[in-house]
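Going in written order, the chains are labelled A, B and C, and every chain counts its residues from 1.
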Amino acid sequence: MRSSHILGLIGLAIFGVFILGPLYITIITAIKNINDVFTIPPKLIPYADFQPSSEAFDFIFNTRGKYTFVTSLIVASTATAIALIPSLLAAYGFSRYPKAAMNDERSFFTMLTLRMVPPFAVVLPIFLYWNQLGLFDTYPSLIWTYTVFSIPLAVWLLKGFVDDVSPSIEDAAKVDGYGFLDRLRRYIIPILGPALAATIALVWLFLWNEFLFALKLGGSRIVTYTAYLPQLRVGQRVQWNVLGAIGVLGAIPPLIILILFRKYLIRVYLGR
Amino acid sequence: MGNLYAGVVAFLVRIFLDKITKIFKKGKTSIVAVKDVTLEIPEKTFVGLLGPSGCGKTTTLRIIAGLEKPSSGRVYFNDVDVTDWDASKRNVAMVFQFPALYPTLSVYDNIATPLRASKISEQEIRKQVLEVSEFLGIKDYLSEKASKLDINLRQKVAIAKVMVRDPTVFILDEPLTVVEPKARIELRAKLKEIQLKLGKSMIYVSHDQSEVMTLSDKIAVMNNGEVLQYDTPENLYNKPRNTFVGWFIGSPGMNFIDCELIEESGKVYLTTVEGLRYDISFLPNIHDIASSYRKVIFGIRPEHIALSSRGVKAKCLHMERLGNMMILHMEAYGRKIRAKIPQISQIRVGNEVYIDFNKEKIILFDPKTGKAII
Amino acid sequence: MPTIKLINICKRSNGSLILKNINLEIPNKSLYVVLGPPRSGKSALGRIIAGLDTPDAGRILFDDKDVTDLGPVERNVSMVFQDFALYPHLTAFDNIASPLRKLKLPKEEIRKRVLEVAEYLKISQRLTHYPSELSGGEKQRVAIARALVKGAQIIILDEPFLRLDLKVREDMRAELHRLQKDVGVNVILLSSDPMDAMAFPENIAFMQGGELVQVGNLIELYENPKNISVARYVGMIEMNVIQAKIARKNDKRILDTGIGEITLPITPQLSGSEILVGIRPEHIHIGEEGGHPYAGNIFTFEGRVKISEVIGSETIIHLDVGLAEPIRILIPTIYKKNPGEVLRATFNIKDVYLFNANGQFICRGGSILG
């Protein structure tokens, strides 16, 4: 082997340890009995160092833990669905009518800043805002907040994809006699197809993993699985194994999405 | 300069392709991109690879450069087998369709970079860069960042970059396609000048027939992965060795008329069922040909047909006017013929005219193989 | 098939006028070429005739019926775009069927018509393929099939041949010709390639800078161009234009071109101090005629070959004569001369085109010499 190959492999191994290490620890923690979690030295190999136990997963499924996943699902999916149509139309507008009022670069950038704002800076005012309206700890407040924050990201991604669809395709459709809605339905959306799906997937993913707003705008009734995590203290001890189990379960949807949309997500990250 | 690989020292290099075949696998199907190509590119020669899209010219070029390895066959540089050598080892200079520059470096640094790899003094580098940029007319842009220039200038810088190296051969893949028409003519002339000045061979691929015919000393016409004829532009035009070359070279291409050869009272005639009877007894070896072939393809270029007072009768179907010339699309005895003649405004669609053929430019082809008989 | 009348058409874009008062009459069942350099307004005009855009001023009449406010479907117009604009997610069959689906025709009828048109354009074998699997020429045929299938009376093609190889281009021109003859529709070809005008020489409109400069057949534009732009553009190879100073000597006018003098009788047309002398590459011959440089009306000059350019079946010799631009000479066969070689060239002064300093056409040399 050449020296460059060996060095490369060493680099990959170090990288792997940093990435895969925590993942591994999370997974084995999830299948540990609570007492096995706190041992020193830590027990690393299932069946050899410790007996796997379903204690953590049982806990989740026997308590309200399982409802938190449902809540996350509802909130993320609803917000994504509501954000979709306005984002698509806005992206179309920005792409096809760059000279129209409010469609220039400045407006586009202003829209993007909505997303760039550090969540910590705005979470308290937003909380107060919803609280005043009496909507604290309700679905509408969280879903609406999520929708508003998702739109800039979706528009930004979709505009790039709409740009790639040649305008003469729409001209051809116009000449064939199709009106705007028809064109959108029959030609633009199918041609955007995978790109659209990837955008939806990405937006959904951000919402699924969102923590801060879920924690602050939700209370006792609206608890997403991310907001559930801080509740897992029992006295002085943290139920690490349950945390691990939640982490494993919470990672399943992103994993599914990554597998399904792998090709298209890479394109999104590379900007084509 | 000194390239350590013996025999391929960068001076005069003769390239030889020996039965090169390249097969690409796409899932379950395989595509034969290049089929059994044997070609010699002499020293100091401008060679063009020409053919329709998908004919294999780009793949052949990449095999010469070392960017692709052939599925079978060998590549020789001055009798040295370089088939397994990488492109960098072969010391070839490539110019691509899109300028390959370091966008963040200045034009000067872009051109100087290949020189800095060898141990030449900074003074000498400066001298060479100035010389090359003067020649290509980019001296005023030396301090500019490469990414800021327009496409025409960037392609000139890309050419300058390869000029300062001392490569074994220049390889150009559609380099002028993205350049604007006005700059294209200038760059074409410059490329030819470079080739003559440096005395190296240039191998040029383009789908633009005019470009390749203009610049090349010899052209390999390709179709479906095979080289059909490898000859000078004039010979490709005057002596096509098969129907594809006759059709592809020239605009409009050659006329091809299916005929039967009939020998009667010592004379040989081209005939058709619809009544054509044209005496071709003047062609050399015609009697031997008439005994071997009953059917032939009669090939004649539109520009080698003239109107005459007697000859073959034809009806004018429509006309294209080229200013002082016109192309008559005609029908004669059941066959379609185009003639390129000086502009005559009196001819109307539907008129009947008589045409005759330039006897020296007639070529007969074998209908089964498409190869030229004469 | 209707007669198309454009009356005082104006169009603005981004504040500037891209179409300036266009008045044009296109005969029915004709093949009409709108020729002009890029950005001369051809596309804008095409879109207005198609009904994709509305003019800011002016009216459009089809057979005296005002269609200005109607869309492409109501006008029964089809368009073929420069990049073919095929729907990438549909097969060739579905692409062609698209306009018919909008009209909500029964499935069998759609199938019948699509197959018919595909047969006519020789692409029946490729109907199940997607656009990405088709060659340039095939994509073009599908685009034309889609334009034909709904039985439009006008088909507009916007630079249809730009992206095609030379040989494919030749093929497609022949196809267009056949189509127009067989189907009898109005075909309007928007092109920046003079070769398209030559292939369809009966009806040509030359546009530049948003204006209609000259309308006529090819011979009219070739022999009597209105100004220097038309003269340069319409012709297989761009015309050579030399700036010359007018002087008076004895009782003759002398045009000093910088490479020789042209002597002409005095006429009121040759006024002013500067003049532009145009000579087409196809009117220049290599080699001397008659020996004496001033014999008859022959103008002789000399130069060094810069490059011999092969175009189709002809050769253009670029001759460096010491002027700002080399002189282009057209040789009707493939005949390459080496760079650096010295050549002698001649032309007949009768063939010369004279323009005033503003580029307006004055007359041909022949009309002065008689």
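Note that a residue touches a chain if its C-beta (ideal position, glycine included) is under 8 Å from a C-beta of that chain, and two chains touch if they have at least 3 such contacts.
No experiment lies behind these values; they were computed from the predicted model shown.
Peer 1: Could you classify the connectivity of these chains, where an edge means two chains touch, as line, ring, star, complete or other?
Peer 2: line
Peer 1: Taking each chain's centre as the mean of its Cα atoms, which chain lies farthest from chain B?
Peer 2: The most distant chain relative to chain B turns out to be A.
Peer 1: With centres defined as the mean C-alpha position, give me the chain B-chain C separation in Å.
Peer 2: About 27 Å separates the centre of chain B from that of chain C.
Peer 1: Hey, how far is the Cα centre of chain A from the one of chain C, in Å?
Peer 2: Roughly 56 Å separates the two chain centres.
Peer 1: Could you pull out which chain C residues touch chain A in their complex?
Peer 2: 14, 47, 50, 52, 71-73, 77-79, 81-83, 85-89, 98-99, 102-103, 146, 150
Peer 1: Which residues of chain C touch chain B in their complex?
Peer 2: 135-136, 165-167, 170, 177, 198-201, 218-219, 222, 234-236, 280, 282-283, 306-313, 318, 332-336, 339
Peer 1: So in the complex, which bits of chain B are touching chain C?
Peer 2: Those in contact with chain C are residues 52-53, 185, 188-189, 192-193, 196, 207-210, 213-214, 233-234, 237-238, 247-248, 250-253, 301-303, 318-325, 340, 343, 345.
Peer 1: Name, in rising order, each residue of chain A that touches chain C in their complex.
Peer 2: Chain A residues touching chain C: 99, 166, 168-169, 171-178, 182, 187, 190-191, 193.
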